[in-house]
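You will see chain A twice below: alongside chain B first, and alongside chain C after that.
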Partner chain A sequence: MAAAGAAATDLEVVRGKRAALFFAAVAIVLGLPLWWKTTETYRAPLPYSQISGLNALQLRLMVPVTVVFTRDSVPLDDQEKLPFTVVHEREIPLKYKMKIKCRFQKAYRRALDHEEEALSLGSVQEAETMLAEPQEQAEGSLTVYVISEHSPLLPQDMMSYIGPKRTAVMRGIMHREAFNIIGRRIIQVAQAMSLTEDVLAAALADHLPEDKWSSDKRRPLKSSLGYEITFSLLNPDPKSHDVHWDIEGAVRRYVQPFLNALSAAGNFSVDSQILYYAMLGVNPRFDPASSSYYLASHSLPHVINPVESRLGSSAASLYPVLNFLLYVPELAHSPLYIQDKDGAPVATNAFHSPRWGGIMVYNVDPKAYNASKLPVRVEVDMVRVMEVFLAQLRLLFGIAQPQLPPKCLFSGPKSEGLMTWELDRLLWARSVENLATATTTLTSLAQLLGKISNIVIKDDVASETTCAPLRRISTRLTSSGSRFGTWIQALSSLKSRSLQPRSGCPSTGGTWTQMLGVLSATSSRLPSSA
Partner chain B sequence: MAVAVRLALIVLLLLGPGGWGHTEPSRDSLREELVITPLPSGDVAATFQFRTRWDSELQREEVSHYRLFPKALGQLISKYSLQELHLSFTQGFWRTRYWGPPFLQAPSGAELWVWFQDTVTDVDKSWKELSNVLSGIFCASLNFIDSTNTVIPTASFKPLGLANGTDHYFLRYAVLPREVVCTENLTPWKKLLPCSSKAGLSVLLKADRLFHTSYHSQAVHIRPVCRNARCTSISWELRQTLSVVFDAFVTGQGKKDWSLFRMFSRTLTEPCPLAAESRVYVDITSSKQDNETLEVNPPPLTTYQDVILGTQKTYAVYDLLDTAVINNSRNLNLQLKWKRPPENGYIHYQPAQDRLQPHLLEMLIQLPANSVTKVSIQFERALLKWTEYTPDPNHGFYVSPSVLSALVPSIVASKPVDWEESPLFNSLFPGSDSSSYFVRLYTEPLLVNLPTPDFSMPYNVICLTCTVVAVCYGSFYNLLTRTFHIEEPSKGGLAKRLANLIRRARGVPPL
Partner chain C sequence: MAANSFRPRVLTALAGLLALSFGSLADSRIEDQAEQFFRSGHTNNWAVLVCTSRFWFNYRHVANTLSVYRSVKRLGIPDSHIVLMLADDMACNARNPKPATVFSHKNMELNVYGDDVEVDYRSYEVTVENFLRVLTGRVPPGTPRSKRLLSDDRSNILIYMTGHGGNGFLKFQDSEEITNIELADAFEQMWQKRRYNELLFIIDTCQGASMYERFYSPNIMALASSQVGEDSLSHQPDPAIGVHLMDRYTFYVLEFLEEINPASQTNMNDLFQVCPKSLCVSTPGHRTDLFQRDPKNVLITDFFGSVRKVEITTETISLQPDLGIMESSNKEDQIDEERMEPLKYAEQLPVAQIIHQRLLALPCPWCTPQHDCLIRED
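Up next, the complex of A and B:
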């Protein structure tokens, strides 16, 4: 009896153990995966390895230079060797993780018949217009014509000429080492007209250590899809001044041609407004010596803020706004001059603020007050104003004054105020800047997402990341600045929820081939599919 | 004669807004106007209107150049293809019964209604974006406008300006009644004015005065209007209106007099040099009807008469562009005085201070016979501090009875009484003459139910907490601190031995 009882108890114990085991097994086999699945955060896959590969990118900027020799430019036996190609590559020393190499690919060839004919013309401008006609030059390329040493095309004391289009003319030399000498000169000219270290340094200003590059480099606007340009006339004293400005005409005549030339860099919209009773934030000082008022250079930063509240933000678009203010000082503070650091009045009576815009002070002619009673009708001399504003606009887009080699004739820009090679340079800078920004954005995004392991990554975010044409970077990268803008927009919308809904990838197909070969980038790590 | 010509001109302007400005050389023009209306209740209504007309077709022109028209709104029109936009921010409610009909009433809170042009394909999207942009421009919570509070009226809210079609599909209407209007909405509104708040009528727009009013309504209306009489092309009209009702009666110690300085704490110093027309109208209708009961200072040079909202009105007109009205040495401070003080008119009101003194309202009224006079007072129910409630707060709070002291005319003339001789009940109140007697009546005390907090809540909380502590903490603590150990059987205490002794003696087995 007792044995049977003990056996039953044992059986009970074994059953209990089995039950416990089974319970644990169910909990582990079913419960654990269920718990895992239900508490999981959704993280769409991101191309992490490709993103980290971006840091090791090597950029090779290719500048195709065509060197055309006329009949008497170099010794005959040298002419026999034509055509051939010389490659000159050098690394641009910047403290940036991306290695940037500049590669001048010089193709030497003999002049064609019509080129000979054009270069035998009387003046260099005529020759240029005739040369420009048959074919359009590729963006970013250069054509250098080497003419005979004693050709009358250039003035006697000039060695070379740089035109507004992508052409330059240079005297040849009758010398045994002609190609070497000319080669060096070509590099000089190309330095003036094409890619330089300064341009790239300015483009990468935000990504470089601060000490090396001054704040001057941070002046240009950041790359964007478009820009809004607003001209504002500030009339703080409408009781005394009845100011009229022909802004419609000025925009049509001076600003629009410039912006048309610059249209590759973004969409521009221009508007203007007149603000009355808009005061500067600083009280001008009186200078008894000249009985005029002045704004000292150290007080200029305080001028902008109070004015800005009246300017009104642009409600209708998300593009950065460039403000150009024309300030007609009130009667009590006229004439008003801006002083520089040394206390001398600034010739243009204007100043600009980096990435914001410019302000010009326009003094009313004192003779006007004698003639009639108040308010005095003031017609603004728009040529004077637009000269200043256009110069400021060029500065804000990072188009600096070119540094010419010695003994060089310089044609100066045509009516639109922008030389074609300056635009090329700008586009180069923009491309490099966009590439750097995109790399930084993607890298920091990947870092951030890696660091916060339980953040949700939605599909649309992931698709925007992969839409960013990473694979194309790895192989070939061409650019017109605006296309890059689209891409940057896609990237920036990752971080901040952009208002503009984006559907699918930005279509980039057509334009990728547009400037093929101009700018190429190779990566040491990413597989090349080209 | 000159006055008559001017009057005719004004009438013409009012009748045909489109017929104006065809001789105007500049492409945009500004008119500003302030109408001051003494209201029947004793309050004063001031209505500002700033009208900017712009002879431009905004949608057609690529480059837009703004002079008087504000750029922020102009960009909106062209970007969102607006046909009309009406936006108002209102605090308070226009009491038509006491104040008469308004020029333009607006609902409390924010109201936005927009007609889009028929070229807009996705109206809802534009509407959403527009309300967001407007919310940014006017610092208001218009971004809370969504499909839940947007309606498409089919019969009401027809376009106020020129319109090709009135397909209500392009109309959106929304009201946010909770929107609180304050200085931050007024500042951007003032910024849209060409003269900002530096000259002209807009000098008077001082925020701390405008918001201490019974009614404050500011609005923006944009609509297309005819450019000329034949309506061959359109212009854009921006009307910025602001109406306020000042409680002149209370702040003026029971007098209905007012002046610009007392209302706005500013006077008009200079006209806006950009305005083509800048006028102040003062309603002096009652002066004409009741034989010069009021006096306006300075006396108006011109007056203007018209039928406004169904009644004949007379306005005193002050043209700020006229150097006789306003010049360098002279500010314009309009004043209005009632010559004859209202007869049944003594009102003394002393407002209460919280926890210091009660309200006091004294009125001296002559009541006509067989009439009913009602005095009503509005009050707000407020919560007291929790220690200030009486032990039985749900019973209510007493408001002390009103006192009515009256000199009632007596029907029968009584003979003069001798103070010392007459019965005591007859000489309680000293009577001045025999034709009337004095009565002082008290009303019932008023029992007001104030909102009371749930006083049982602390009790509930204590109960719940105690239960939780007792049940959970107690048993848990018990479990944790109690130790179990097996007790060794011992010899037992004195009682046990005693018991065993007795058991042994009785022959029972011991314990």
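Up next, the complex of A and C:
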């Protein structure tokens, strides 16, 4: 009896030990991984390899150029070789980690009948209007017409002409090496009308190592989804001047067409105001030689600040604000001129500040004082004023005078104030800038997340980055038809989104699928390259 | 002999003159380039001024911040470019014997509260989270423009912080702290997003130098009122108000700034000399190793004022005046003027209307006016 009892307790003990062992085994084998999995920080997967590949991207900006030869422009045996295509590729030397190459794809062809007819008209302007009718040119492309060496279309001493609508006219040459010579000249003209190093350097200004010796004029407005433009009339002396300006009409007639032409660069909203008793912060000096008052150029920077607090323009929207001020000087300080560094009065009587706006001083015609008593009614000549303001707006956007090849006839901008290829240049610069900013943001985000190993990465952040197939975009940066505009908008909205991560990926039907569709369509048309 | 040696002397004199003239030409170009080299590349200025302490006995911190605010406004930065964060309202505090004022000098000489103070973050809105959101720009959508720091890559930002601090931290509102590492990371995020061109960081707390030890982003210059292990002391109490009015370091900085006007050429080295140990008891410190330019070339107005770069407009575009439309618009104006009726003011107090509306708004339709309403319709 006692032996059976002892055997039973032994069995109990063994069973107990086995149970404990099994328990521990289950706890370790199942429990430990379960605990590990449930207590790790949630890090949504990001495409790190793709993001690090962004640094080594190559950007190829393609400019399609169509070169049209008329009958007598080049020797006959050269004409037999038409049509063919020549590609000229050049690397833009910037100290930026992304290599940028500029590729001019020149398609040479013979002129069609209506083009021959148009180019034999009397003047270049007539020829242009006739040529522009049939087709609308793709954005970013250029067309160069080569006419015969002695054609009367251009003035005698001019070798080429650059028009406002992506066309240029150039004299041909009867020479053995005609195509080479003409090819070089075409590159010169094309560079004046499209991309140059300056444009891209200004666009990438904050990503390049600062070159202190460069001009600090490279400060155009940064790309943004919209801009607010405010026109202000400053009347410090309402007792003497009763100033009227037809700002609504002027905006409708002159500013709105310009902004419509620039609409691809952002949404613009325009407003205006009149400020009374608003003084400049600087006392003008009297110049006895011309019996007028002047503002020296070194005192101009101090003019803006006292006025700015009264402008009150920036309450409503988040877009950058551009202020254009028209100052009618008081009777005691009339007439008032602005002097440049050498002491000569400035013709426009205006100055501007990068990324802020411009100020113009409008002197009242002294004849108005003779007849009537004070206050004198002043009607502002809006044409003169808008000429200056629109020129300042162009400078603020970074649209500068191009570097023309020698002996080139340059037609000024059309009535809108903006040439089509200038807009193309602006859009190129904007797209490169947006691409650079998006790349920087993504790479620094990846770096940051790599450094902080236990930060939570939520799903919306991950979805934002995977929705950005930047690599595919940047290998084929080209323009194709009207989609260019929407594509720029899409890139700029990517830039603004990637600066402020918010939830939601642009879903089907949005700009991304459109863009990808465009890209796949164009990539099938292009010759395959890296 | 004399004649022979005369000619070479003339020649050398001529050569020397030529060399001098060439040298002066080259000099002026070099000077031009040098001037550009030393100038800052900013186009706008922002200021973020933070006072982190609440309660009446921390009056001096609010006075500090408001004094810097006043100087910065006087030197030209507009309110739209200043983010002012005050953790408590001293001017309207129940214990303030002079309501609507905040003084910074003994004998109530200078009221820094003024008439046009614009406080963007007030009272309990001054938290570490809000401060970091302002700096990095990740504010919730719907935040008004005055509460955002809309700087870009060409902005010079002045950041001034004051309150109670310790070795490596700054206390916000008695309930939380910001550490120097968080601050350094916030500045790095600003740098990555290109939200500043150059940054000047001034801190007036105890052991303030510990707050800038950890910065690692470029283009930051930092000043502090005391070194690690030292306390920043307050300046003087006012017997009428009953509290200390200002801190010493900011008091002397303010005296220094009062002499600056927007055109002055005073540089940062002078600011570093402000408040030596004899006056301040603590040793102010500064850090310039992350800054690219030499401090003696940095103007005070680069950060405290807002002197803009201007360029003369030399070109215009030509527009065609549209004469036909101008004439017709003139005619429209005249017609409009004729058609308008004479204007009159609206009724300022339409008594009859008010009574009528009160009657209509009675709670129960069977109530008669005499019983339930205070107004009788006459």
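The definition used in the following text is that the second predicted complex is superposed on the first by the 398 of 530 C-alpha atoms of A that agree within 3 Å, B and C clash if a C-alpha of one lies under 4 Å from a C-alpha of the other, contacts with A are read in each partner's own complex, and residues count from 1 in each chain.
Methods note: a contact is a pair of C-beta atoms (placed from the backbone, for glycine too) under 8 Å apart; a residue touches a chain by one contact, two chains touch by 3 or more.
Here the structure is a predicted model, which means the values were calculated and not measured.
When the two complexes are overlaid on their common chain A, residue A:His302 makes contact with chain C while staying clear of chain B. Within the superposed three-chain model, A:Arg219 lies in touch with chain C and out of touch with chain B [touch as defined at top]. When both complexes are overlaid on chain A, the residue A:Ala289 reaches neither chain B nor chain C. A simple residue count on chain A separates chain B from chain C, and the partner touching more is C.
After overlaying the two complexes on the shared chain, residue contacts for A:Ala344 are found with neither chain B nor chain C.
Touch criterion not met for A:Leu76: it reaches neither chain B nor chain C. Counting contacts by the rule stated earlier, residues 309, 314-317, 499 of chain A appear in both its interface with chain B and its interface with chain C.
The part of chain A that touches chain B in the complex is made up of residues 230, 238-239, 242, 247-248, 251-252, 256, 269-274, 276-278, 309-310, 312-317, 375, 499.
In the complex of the two chains, the chain C residues touching chain A come out as 33, 36-37, 39, 41, 43-44, 76-80, 137-138, 141, 145-146, 148, 150, 152-154, 192-194, 262-263, 292, 305-322, 325-326, 329. Interface residues of chain B, counted against chain A in their complex, comprise 63-68, 70-72, 75-76, 78-80, 129, 133, 136-137, 191, 194-196, 198-199, 270, 273-274. Interface of chain A with chain C (complex): residues 205-206, 210, 212-213, 215-217, 219, 222, 246, 249, 253-254, 281, 297, 299-302, 304-306, 308-309, 314-318, 338, 340, 346-348, 350-356, 358, 360, 383, 386-388, 390-392, 394-395, 401, 412-413, 415, 417, 437, 440-441, 444, 448, 499-500, 502.
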